[in-house]
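Both of the next two complexes hold chain A, though its partner changes from chain B to chain C.
So, the complex of A and B:
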């Protein structure tokens, strides 16, 4: 009951936010919501299935470049279509990559996903004619629910309709993920995480379920990735670089991988703290590296760990 | 053989010599401590910057420019002390944790060191331009190769031999191999693992910083060079097999030479080819060419 109350308050706060915050802060909320979607997916793999991907930026990149290609080259500007295409392409890529990766666990899984991520990064960087190389590709303003909002100023569009659209996607993503992790399927994933041998003995096909989790998490990453492009109007290959994958895992850990909403909180704190630190000194990595080290050593439960939330079971 | 091909191959072998040093550090640490140290690329970058500064100081104090390789080596080895700081200050707290957390801690070190380098040396690339060809050029099978490259290749081979000797013939090497094999047993037999871990990690770091210092006359030091090199070193150890020194040597040669050939034949392919090989190795033979049983 208390949890629902907190959730309702947070949601009401998010809805009211553009009315109270300065446009600058509201603009910062956009990447937060995109990362929220991405990390909800990543945590299905990390927190619930026990697999750490160091190449998840691959799927973020796929989503972002799907949005760029569709708006700039294919003339498709409907955001619903873009998200759908991003999800499908992300799922197809993940079905292939995942089929090869899920046979391995721990460090080998991490290395294999990292290698696939770097293949895509190198492709984006080197095949200049298709991808725009290191300059990336422009993302045109999408149509929201079929509405052409080109008449609005860029800021008005982003802090208004686009903000609420992203919020809607985040809420939808959270609802879907909530259903997934609280379904029998989610229970199987947790069993696989805690005791793969026993899961197998109980008739759960461990590699198949890991593969499902991999594909689902990639769909979330691709959808979130597609939302990242429109605010900046550009996507570039660093979205798929391995350090970006590392930052994603960082955000999950920061918020707390053992809690459903931990990763979303992690995205929020990461984005706003990064902005605050960068307004003081340009060396945000130094500060964030120290924070990450402190979390790993002293508080592996992340911020949610301080709130005393037990691991979802 | 055409001179052009020889020159490409020699460039690749030079790169392989550097890659071997960094990868050997990665392998040593993984073999003994079971930690995949993402920060080995950052150690490499630190060594490079220390090398640039050391050469500048050396020349400013009136050292004969012809001996610039001496400050490079000294700086490279001294910079290895960062390993001791990192091991005692951070890593030793997570030895009993899941390897995910160990990996993330080394990622934290990557983030911190990248900015620590920017903070110390600024964002502009630093180089020791003008020293690279100081030792002249030699003709190798018709190709013109900077003598400095040959010196680095020779140094790398000597270090490989020295590491091999240390691991197989000395008491410390036996302890390292025992610790890599069975930590509990080694500890039960009276090996002080605290000191072994500290020494192994420092040695691993010093190999990385030395690699960075030695590469510097041939290229400029940039703050991103660490995160770029780690993915190459990563390819080396996967192809060669995690934890194997022989694997690091062969893997470095494969990656170094293939990359050089790919760049000259079809530049778009460059690292793409290497990653595809890495994926193939991981799928077909996850323990690599020389690795032990894979998890």
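So, the complex of A and C:
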């Protein structure tokens, strides 16, 4: 009951935010919501299946470049179509990559996902005729629910309609993921996380379920990735770079992978902390490194662990 | 022979390099039997269990379950055919509750694992079945405790209970009372046998070191020694066999 109340308050706050915050702060909320979607997916792998992917930026990149390719080259500007295509392409790529990765666990799984991420990054960087190389590709302003909003100024578009669109996608993504983790399927994933040998003895096919989880998490990453492009109007290969994958893992740890909303909180704190620290000192990575070390040592449950929220069961 | 045996191993050999772990073991188990496999360390008990549960492919001979060859088919396929097992070293899901552990088994048995958007909480039948098994094993009052928080004996019971929740026809218990205090061993076995009757289990195979348990509950004992079947008879027959008493059980009996 208390959880529902907090959730309703947070949601009301998010709805009211553009009315009270400066446009600059509201603009910062856009990547937060995109990352929120990405991390909901990543945590299905991390927190619920027990697999740490160091290459998830691959699927973020796929979603982002799908949005860029569709708006710039294919003349498709409907955001619903863009998200759908991003999801499908992300799923197809994950089906292939996952089929190879899920046979391995622990560091081997992490390293394989990292390797595939690097392959895709290099592709984006070197095949500049297709991808624009290190300059990336422009993302044109999408149509929201079929509405052409080209008449609005960029800021007005982003802090208004686009903000609420992203919020809608985040809420929808959270609702879908909530259903998944509380389904019989979600329970099977948790048996695999806790004890693969015992899971198999109970008839749960470990590699198959890991593969399903991998594909689903990639779909969320690609959808979130597609939402990252429009605010900056550009996507570039750093989106698929391994440090970006590292940031995603950091956000999950920061918020706490043992809780459903932990990673989303992690994304929020990460983005606002990064913005604050960057404006104060140039070496923000140093500060973030110290924070990460402190979390791992003193608060392995992340911020949600501090708030005393147990793992959803 | 009118009906084929439930589980039938014929001339099973298993080689690890040059070492022969099983050397022509034949074993046929029918419905209604409680069979104990005994033998000193290195006799081939673990290998035999792994062969009987489709975890290992025999180097020679075959293992059939309900007439189907199960050599090396693996645990997932085996469960689907109707055989379950528990482990010598207790296997639990530390962060899952007792209820969730049993629900997972019920979900698996009913083939609901791929229901991505169904609500587990509102699945009354899965919930009821899981609770039923919890009650059979005396774990109902701890249904919402996490497995990691249970005392060792309860962890062991949960491991076995989750195998029972698959409602198998035959179950293979690898030292069901290892790690359980001597005082609790008989209580564990009573629960187990009672649950087996309730669930309609057709046969139980156990590997056990505790001879009180072996002689107290089995109606057939298979003694292994150096990869061969030394004796395969009733408890009384084993007691009367001086060779088995000497090599397998020790002088005490």
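The definition used in the following text is that the second predicted complex is superposed on the first by the 313 of 313 C-alpha atoms of A that agree within 3 Å, B and C clash if a C-alpha of one lies under 4 Å from a C-alpha of the other, contacts with A are read in each partner's own complex, and residues count from 1 in each chain.
Just so it is clear, contacts are C-beta pairs under 8 Å (C-beta built on N, C-alpha and C of every residue); 3 or more make two chains touch, one makes a residue touch a chain.
Quick caveat: nothing in here was measured; it's all calculated off a predicted structure.
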Superpose on chain A as described above, then tell me if chain B and chain C fit or clash. fit
Which partner does A:277 contact after superposing on A: first (chain B), second (chain C), both, neither? neither
Given the superposition on chain A, what is the angle at the CA centre of chain A with arms to the CA centres of chain B and chain C, as a multiple of 10 degrees? 80
Quick one: is A:171 in contact with chain B, with chain C, with both, or with neither? Answer first, second, both or neither. neither
In the superposed arrangement, does chain B or chain C reach more residues of chain A? B
Is A:179 contacted by the first partner chain B, the second partner chain C, both or neither? second
In the superposed arrangement, does A:299 touch chain B (first), chain C (second), both or neither? neither
Would you check which partner chain A:187 touches, where first means chain B only, second means chain C only, and both and neither mean what they say? second
Touched partner set for A:198, first chain B, second chain C, both or neither: second
Identify the partner contact of A:17: answer first if only chain B is touched, second if only chain C is, both if each is, neither if none is. neither
Using the touch definition from the top, say if A:28 reaches chain B (first), chain C (second), both or neither. neither
Can you report the least C-alpha distance between chain B and chain C in the superposed arrangement, rounded to whole Å? 15
Can you pull the chain A residues that chain B and chain C both touch? none
If we count contacts the way the header does, which residues on chain C are in touch with chain A in the complex? 74-76, 79-80, 84-87, 91-97, 100-101, 103-105, 107-109, 112-121, 123, 126, 159, 162-163, 166
Contact set on chain A toward chain B in their complex: 52, 54, 100, 104-108, 110-112, 114-116, 118-119, 122-123, 126-127, 242-243, 246, 249-250, 253, 282-286, 288-290, 292-293, 296-297, 300
Footprint of chain C on chain A - complex, ascending: 176, 179-180, 182-188, 190-191, 193-195, 197-205, 209, 212, 311, 313
Residue ranges of chain B in contact with chain A within the complex: 36, 38, 90, 93-94, 97, 99-101, 103-105, 107-116, 118-119, 227, 231, 234-235, 238, 242, 267-272, 275-276, 278-279, 282-283, 286, 294-295
